[in-house]
Each structure stands twice: as C-alpha cells, then as structure tokens.
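Each of the next two complexes has chain A plus one other chain: chain B in the first, chain C in the second.
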Partner chain A sequence: MSASLDKGVRVLKEIIDAPIASYFSSCVHCGLCAEACLFYTETGDPKYTPIHKLEPLRRIYDQEYTLLGRLAKLVGLSKPVTDAELAEWQELVYNSCTLCGRCSVVCPVGNDIAYMVRKIREGMSASGNAPDGLKGAVTRTVNIGSPMGIKLPAVKAQMKHVEADYGIAIPLDQEGAEYLVMLSSMEIINFPEYLGAIAKIMRHAGKTWTLCSEAFEATNAGMQIGNSDLARVIVKRIVDGAEKLKVKTVISPECGHAYTALRWEGANLIGRPFGFKVQHIIEVLEEFRLAGLLKTEGMETDRLTFHDPCQLARRGGVIQPQRNLMAMIAKDFHEMPDAGFMNWCCGGGGGASAIEEGEELRLEAFKKKKSQLDAVKPKRLVTACANCRIVIEEGLEHYQMNVPVVGLTETIAEHLPDSVGNE
Partner chain B sequence: MDQLQLLTWARGNGLNLALTIFVLGVIWRLIEIYGLGRKPDLSAPRDVPGASGWHTIFRRSVPPPGMFKTSPVSYLGGYVFHVGLAVVVFLFAPHIELIKNLLGVAWPGLPSQMVDFITVVTMAALVVVLIDRITKPVKRFLSTFGDWFTWALTFLPLLTGWLAVHHLLLPYTLMLALHILSVELLLICLPFTKLFHAFTAFGSRWYNGTVNGHKGVPV
Partner chain C sequence: MTISNDKEFKAALTKLDDGERRRVATLLVQQVFDLSGDPRVKGGLELAGRADVGSAELAVAAAGVNTARVESYTQCGRDTDWAAQASHFVARAAQECVRPVVDLAAAWEAAMQARMARMCKTLTAGEGTDNREAEAQYQTLDAFLKAKGSGS
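Take a look at the complex of A and B:
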C-alpha cells in the first residue's frame, strides 16, 4: 500500500459516521438514484448511478466497521481498496457528481447520497486522487486568495470602475457596517454588474455595507475538492474579516457552493457557531422586499424563466424567495419542468466546472437543462449563481441556443430608481 | 430424522436458535451502526414546518415528484410486495397463533382465503421485481450475490407456506418443516444482509430528514 493510499484509506475510515453506516446498511440496490442523476439520465451509463460512486467507501465501511466484514477481511475474503481503484473513481466522484443532491431526495430508504459523496472526496483528496483542475483552484485560493488567482488590486480596480459607472462609492473595510458583501471570482472577472447592483440596492434600501480587503472571495474550492483543512483556512478568512469589521450579516454572493460553504459548513469547519448571520443575497433581497425596502419600477416583458442553483434551493432551503422577487419584475414568467425543489443541476456544480477533462461529459449532461429550456422556450434565463451562469452559457453556446443568462440581483437592481432623490 | 422429527426440531430448537441469532444480530448491528454517532451541526438552523427527520420517515414512503413515472415497476412492485409480506406475516391466523405463544399478544387475522390471494399477489410482485432486476441495466449493474440471495430468502417462505397450505408438491409435514426452516434462515440472515434495511431505513430517513431539515429543506 502506497503512503498516499494509506492516508486516503485512513481519512475514509475517519469520516464514516452513523448516518453513513446507516445509509450503506439500508441500500437495497434499487437503482432509483440513477433516475435522479443527470449524468445517468443523459448518458444511460449505469456506472453513473449515484450509490455506485461510493463503492470504495462502502467497502471500507464494510471491512472496518461491520462484524462480518471484519471477519472476511481477517481471512482474506474481502477485496481491499487500491490506488488504481481510487484513480478510476475520480471521474465518478468529481466529474460526474455536482453534489446537486437530487439522488438524496429520491432514495426510498432515505440515503443522503450527496452527503456521502462530499465525504468520500475527503479520502480522494487525501490520497491524491482529486482532479488537477480542482487542485489548482484550491492552491490558488489558499496561496493567492481566490480560485481564479485574483488579488485585492483587481477587486479595487473593479470597485473604481463600478464607482465611475454607477456614481456610488464602494465602501471597503468599513467597521460597523451592517452587511459584509462577499464576491465570487467569477463576479469579479466576468460579471462586474453584480457589485454595481449591490451598491444600488444597498443605497436604495438605506443599508450600510462594506467589502473586506482580507476577505472578498466567498467560493471555497477546499470544500469542493474535499479537503476540510483547506476549506477551514478559506472560511476562517471570512470569519476573521466579519469579526474584525463587526458586521451583523455576511452576504454570500450569487454562488451556490459559496453559500453551502459559508452558511452550512462554515461553523462546523471552524468548530464554533458564528457570531454573525450568513445570508445568500437572494435571502437579503427577500428580507428587503418584505420590509418594503425594495420598490421596483416597471416590468420585464420578455418571456423569462428561473434556474434554481442546487445549493441555494434543494440543498439550501431557499426556494420561494427567488419566485417572489421574479414576480416583482417579470410579467411573462414561466417555470421549467421540475423547477424549484426538484430542479436539475446545470451540470457544473460542486467543482465539476473546474475540471477540464470533464467538459465533454458536462456538455452531455447539459442536455437535461436543454430539454427543460426547450419545454419553456424563454427569451432569457435568470439565475442566482455565477457558476451556473457560466456553465449554462457554455452549454447554450455548444447547442447553439440563443438564450441570454442574467443574474437575479442585477435584474432587480435595474428596476430600482437611478438616484435616491427619486424615492 | 424423519419428517415429523424435522418439523419438531424446526418448531423447537431450530426456532429458538434462529430467534436468538435474529434478536442478538439486530441488537449488535444497531449498536455497530448507530454507536458511531455523528458530530453536532454548529451552523444556525433554519426552522421550516415539515422539515424534520420524523417527517421524512413518513414522507419518503411516497415517490418524490416525477419519480413514479420514471420507475413505475420499482414503486408498484415495491409497494405490493412490502405490504403483501406484512399482511401475510402478521395477519395470517396460524402466524398470529405462533406470535401469541411466543409473546403473549394477539390480534384478529384475515380470512385465510384472502391471505391466500395476497400471498399469490405478493409472490407475483416478487417475480416481477426480480425480472426488473435482471432486465434493467442499472439494477443488473448494481446487483451482487447478496441481491439474488436475499430475494430467494424472501421468496422461499412465501412459496413453501403457500404450498404447505395447499398440500402441494411434498407431504404437508415436510413442507411445513421446510416453510419454518426457510423462515428461520431468513431470520438468521436478516441482520447481516441488505434485508436489515427493514430496521435501518427508518434511521436513514431520519438522518436525511434531520440533516436537511436543519437547512430548512423538507426532504
């Protein structure tokens, strides 16, 4: 056994808890999880059956934690997990799983399969079997500060642009502000309209907010690759920033996994509850709406639909707010089949979009989103995750579909009056 | 050992042995699984009505939106054979009599003709899900020796019981002995095979419902 395999197996042993033991003991091999997984439905290849993606973990559970499994191991009747096997599983655990959690909501015996894939990645990562694309993203996040290698000067440059374009000052390191606004690299590089929209919305709502020079990147490649030690380092920056600036709420940007990393995994990674609130920007907008702080003007008249980011909706519990917000500004809104709780993933979540060699499969899986869109034929698609947005744009381009993709936050901001004086 | 001796052994020592292994096995497995525990969730919960482990225990018995249409055989076959098994095991008068002798509790049973009909339907459903397992690529891909073995373990008591009641194939005494022995084999194997989902499915649903309920998602 190589040292890295040894390490991987040790980690896999450590992450097995009662839920995982219960899940493996309950599986009856019914295969219904396959029907919930877009990598299976769009390829028809049984190897993409979600529960099968956990086979190495299942065997380690069996061999280490069950009486019969331990006896079988003792007399040499069990098949040990090997380096080659883990290498083979890389495609199943990363490329073909976006942690969308559809399998977890259909399993008749109740197995939370996505929970287990998140865990098996810890062992895959420890044994050196994570994809290079994700390794690079994690290294850049830890060493430079963001998965795309963006540093503070780039953020500052964008702040300047936005200030010039919108005529609103972007606060940085403002102690005592109510909200700390986080960004994703994608928004810094590709979607500067997000920051402008935030500035406009906060001014409109009369709220104080700030960016933080030590913590501006919200995405967490450490969580995606399955390395909790690095995920902790990344989350800790945000916690330190929020505590230093004494903000009440940290706003997770339009990014699904950043939300999961901060809202649900964050406190568990650092080992103590947060002293501040974490909200996705959509939740903040909904709160503003309910408090009467969001007075939009005019309506979009073209045919619109909304793509639910998995980590926001099914894995995050935010399903209705985006619909309430759409209702404020969209006259011709149509839901895709399975929208909301059962929505299909864009195909690039959970770090999958960072894996170059997974692109072909990703585009194949995108046929699911394509069929959903074909059913509605929208003029534009609205979503609330920069990663979904990029992945969907790539898919649309590949299938030569002309559907612009926009963010919900910026769309809302476009319907706010241009200056405070108008209010 | 003649037929009567075999039946006597199956009813006496055999049953005691099987029940002992079953009870100890179940307790052992439950401790082995749930004794592993889990870490407390330190993130701030989102409270949503209907999002809890207890809700999921019940809710997951119903197909999630769109799923019935994709796998009607799995759902229909699954319902019929699970409900059928429960009815045959717990509502057949001779079974209630046995339970009364063992535990001292009893309840009214169903007319034996109705149980007979349900037994046939249950066996038919088991055959259908077996064919489904053989013909569906995903199911066949996932199947291991354990899947075929546990199918047989479940089917044999139904078949032997039905044959015994109808005095078919073998002399009644021998068939009844085989019926009881097949049940004993099922009891002995249950804690150590996938059949243990009869216990852990509730725990799994509870964990799934609790973990996701913490996030305000009724799963």
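Take a look at the complex of A and C:
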C-alpha cells in the first residue's frame, strides 16, 4: 500500500461517522437517487448513480465496521480499496457530483448522499486523488487567500472602477457598519456589476456596509475539495474580519458553496457560535423588501424565468424570497418545471466547473437544464449565483440557445431610482 | 468644449443619436481591442463602425461576439489570467456596440467595460489601480464631436 493510499484509507476510515454508518446500513438499493441525478439521467450511465459514487467508502465501512465485512476481510474474501480504484473514482466523486443534494432529498430512507460525497472527498483529497483544477484552487487559497488568485490590489481596482461607474463610494474596513459584504472571486473577476448593485441597493435602503481588506473572499475551496481544515481556515478568516469590524450581519454573495460553508457549517467548523448573523444577499434583499426599503420603479416586460441555485434553495431553504423579489420587477415571470426545491442543478457547482476534463460531461448533463428551458421558453433567465450564470451561459452557447442570463441582485438594482448610473 | 470628467462625457453621449453613439462606442472599444485580438470581436466592431450597417448584419455579429464573451469567462476555481480576462471585457464592451439600438446606457456600458479591460491589463503589469483609459475615452469623444461639428 502506497503512503498516499494509506493516508487516504486512514482518512476514509476516520470520516465514517454515525450518520454515514447509518446511511450505509439503511440503503435499500432502490436506485431512486439515480433518477434524481442529472449526470445519470442525461448519460444513462449507471456509474453516475449517486450511491455508487461512494463504493470505496462503503467497502471500507463494511470491512471495518460490520461483523460480516470484518470476517470477510479476515479470510481474504473482500477486496481492499486500491490506488487505481480511487483514481478511477475521482471522476465520480468530483466531475460528476456538484453536491446539489437532489439525491439526498429523494432517498426514501433519508440518506444524505451529498453529505457522504462531501466526506469521501476528504479521503480522496488526502490520498492525492482530487482533480488538478481543485488542487490548484486549494493551493492558491492557502498561498494567496483566494482560489482564483485574487489579491487586494485587484479588489481595490474593482472598487475604483465601480465607484466611477456608479458614482457611489465603496467602503472598506469601516468599523461598526451594519453589513460586511463578502465577494466571491467570480464577482470580482467576471461580474463587477454585482458590487455596483450592492452599493446602489445599500444607499437606497439607507444601510451602512463595508468590504474587509483581510477577508473579502467568500468562496470556500476547502469545502469543494473535501478539506475540512482548509474550510475552517477560510471561515475563520471571515469570522475574524467580521468581529474586528464589529458588523451585525455578514452577507454571503451570489455564490453557492460560500453560503453553505459560512451559513450552515461555519459555526461547527470553528467550534463556536458567531457573534453576527449570516445571510445570503437574497435573504437581505427580502428583508429590505419586507421593511419597505426597496422602492423599485418599472418592470421587466420580457418573458423571464428563474434558476434556483442548489445551495441557496434546496440546501439553504431560501426559495420564496427570490420569487417575491422577482414579483417586484418581472411582469411576465414563468417557473421552469421542477423549479424551487427540486430544481435541477446547473451542473457546475461543488468545484465541478474548475475541472477542465469534466467539461464534456457537464455539457452532456446540461441537457437537463436545457429541457427545463425548452419547456418554458424564456427570453431571459435570472439567477442568484455567479457560477450558475457562467455554467448556464456556456451550456446555452453550446446548444445554441439565445437566452441571456442575468443576476437577480443587479436586476433589482437596475429598478431602483438612478438606475441609469451616476448623475 | 473639452471633456474632462464622466459627467461631461455622459452629457456629450446623450446629445448623439443612436447611430453616432454606436460609432463612438465602437471607437472606444477599438482603442482596447489590442487586449483581445479575437476575430469575432474584430468583425463585430468593423460592422458596428459602419454608418450603413443593417440589423441583420448586427444580429449575426452579436452572435459571434457573444460566443467570444462566453468563451472568455474565467471559470470558478481556475487561476485568474488577467491578460485573458481583459479580452473578456473587450468582448463585453463590443457586445454593446452590436445591439440593435445603442442608447446612452449601452454606450456608457461599452465605455466602462473597455475601462475594465484596461484595468485588467494594469493588474497584469502590476501597475495597481491606475487606469488612464477614461482620459483616452474623453479625447476620443472630443475628437468625434469636433469632426462631427466640422461636417466630416
């Protein structure tokens, strides 16, 4: 057994906790998880059955923690997990799983398969079987602080650009602000208009806010690759920044796993409650709406639909707020089939879009999203996740579908007074 | 009048008709085209720069420019290549030039995306946040207005 395999198997043994043990014991091999997974439904390949993605972990569970499994191992009747097998499983555990959780919610015995895939990634990562794309993201996170290599000068350049575009100052390191706004690398690099929209909305709502020079990055590469220690470091950086600035609420941006990491797992990762609230930007906008702080003007008149990001809607429970916000500005809104809680994933979350060799599979899986859009025929699609936007745009481009994709936060901002920019 | 700030820049853009705004926007994007080099963007800008461009031609150009824009996104988790990202913003800027109608918002957006492209270049060169593209754009619009005023 190689040193890396030894390490990987050791980690896989360690991550088998009570939930995972009960999930393996409970699985009735019904295959319902397969029908919930777009990688299976669009390829027809049974290897993409979600529970099958956990086969190495299941064998270790059997061999280590069940009587019959231990006996079989003792007499040489069970197959040990090998280097080659883990290498083969890299595609199943990373490329063909976005941790969307659709399999978890259809499992009749309540197995949280997405949780199990998150955990098996810890062993895969420890054994060196994580994809190069994600390894690179992790290295950059450790060395630079951002999975996409974003440094503070780039953030400051963006701030300067947005200030010129919107005519609104972008606060940095303002102690005592109500909100600390986090950004994902994707917004800094690809969608600077998100920061402009935030500035406009906050000014309109009369709220104080700030960026933090020591903690501007929300993306959690540790969660994606399966490295809890790194996930913890990233969360701690944000917590330290928020506590130093004494903010009341930290806003997670339009990014999937950033929200999951901070909102739902962050306190457990660092071992203590936060001294501040964590909300997704959509939750914050909904609060503003309910408080009468968003006075929008005009309506979008073209046929619109909304793509629910998995980590926000299904995993995070934020489903109605985006619809309430859409109702403020959309005259002709139509839901996709399976919208909301059971929405189909874009196919690029959970680190999948960082894996170059997974592109062909992603585009194949995109046929599911395409079928949703074919059913509703929107003129434009609105969403609330920067990664979903790009993955969906790439899929639309591949299948030659002319459906522009826009962000909900920017769309709301465009309907606030002074939406044609600074006067 | 010599344009010296964004307020004057926008005011000057407002006074142009859509066709003139398209040509100005195109000039602004052509100023940063060296940061891209994409033939689809080049073709789109060449079409947009023509006074007699038709809607069908613009639609074809828009499809090509959109493909260039989508292909040049930096994907989540990848290492950022600011030089390559500049070409993405050039494509975004060009997209405004090939719209059916180039109103003030589109012309302003073209200008801002062109500045973003230049900003990416300054980041690549380690020059920090200094970006003189705005001044270059004021000069370009000034020259366009002067030429327009002289009837040429």
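Note that in this section the second predicted complex is superposed on the first by the 418 of 423 C-alpha atoms of A that agree within 3 Å, B and C clash if a C-alpha of one lies under 4 Å from a C-alpha of the other, contacts with A are read in each partner's own complex, and residues count from 1 in each chain.
The rule we apply is simple: a residue touches a chain if its C-beta (ideal position, glycine included) is under 8 Å from a C-beta of that chain, and two chains touch if they have at least 3 such contacts.
Please read these numbers as outputs of a predicted model, since none were measured by experiment.
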item	value
Which of chain B and chain C A:Tyr65 touches, first, second, both or neither	first
First (chain B), second (chain C), both or neither touched by A:Ala386	second
Which superposed partner A:Ile189 touches (first chain B, second chain C, both, neither)	second
Touching partner for A:Pro147 - first (chain B), second (chain C), both, neither	second
Which of chain B and chain C A:Ala3 touches, first, second, both or neither	neither
Contacts of A:Lys156 with chain B and chain C, given as first, second, both or neither	second
In the superposition, chain B vs chain C on chain A residues touched	B
Footprint overlap on chain A, where chain B in one structure and chain C in the other make contact	none
Contact set on chain B toward chain A in their complex	28-29, 32-39, 41-44, 46, 48, 51, 56-57, 60-61, 63-67, 70-71, 74, 78, 136-144, 147, 192, 194, 196-197, 200-209, 211-212, 214-217, 219
Contact set on chain C toward chain A in their complex	6-7, 10, 63, 66-67, 70-71, 73-80, 82, 85, 88, 104-105, 108, 112, 115-116, 119, 122-123, 128-129, 131, 134
Residue ranges of chain A touching chain B (in the complex, touch as defined)	16-23, 25-32, 34-36, 40, 44, 46-47, 49, 51-52, 65-68, 104-112, 115, 263-268, 271-274, 277-278, 314-317, 338, 341-342
Residue numbers on chain A that touch chain C, as the complex places them	133-134, 136-137, 140, 147-150, 153-154, 156-158, 160-161, 164-165, 167, 184-186, 189-190, 192, 219, 221, 224, 348, 351, 353-354, 386-387, 390, 393-394, 397, 402, 420-423
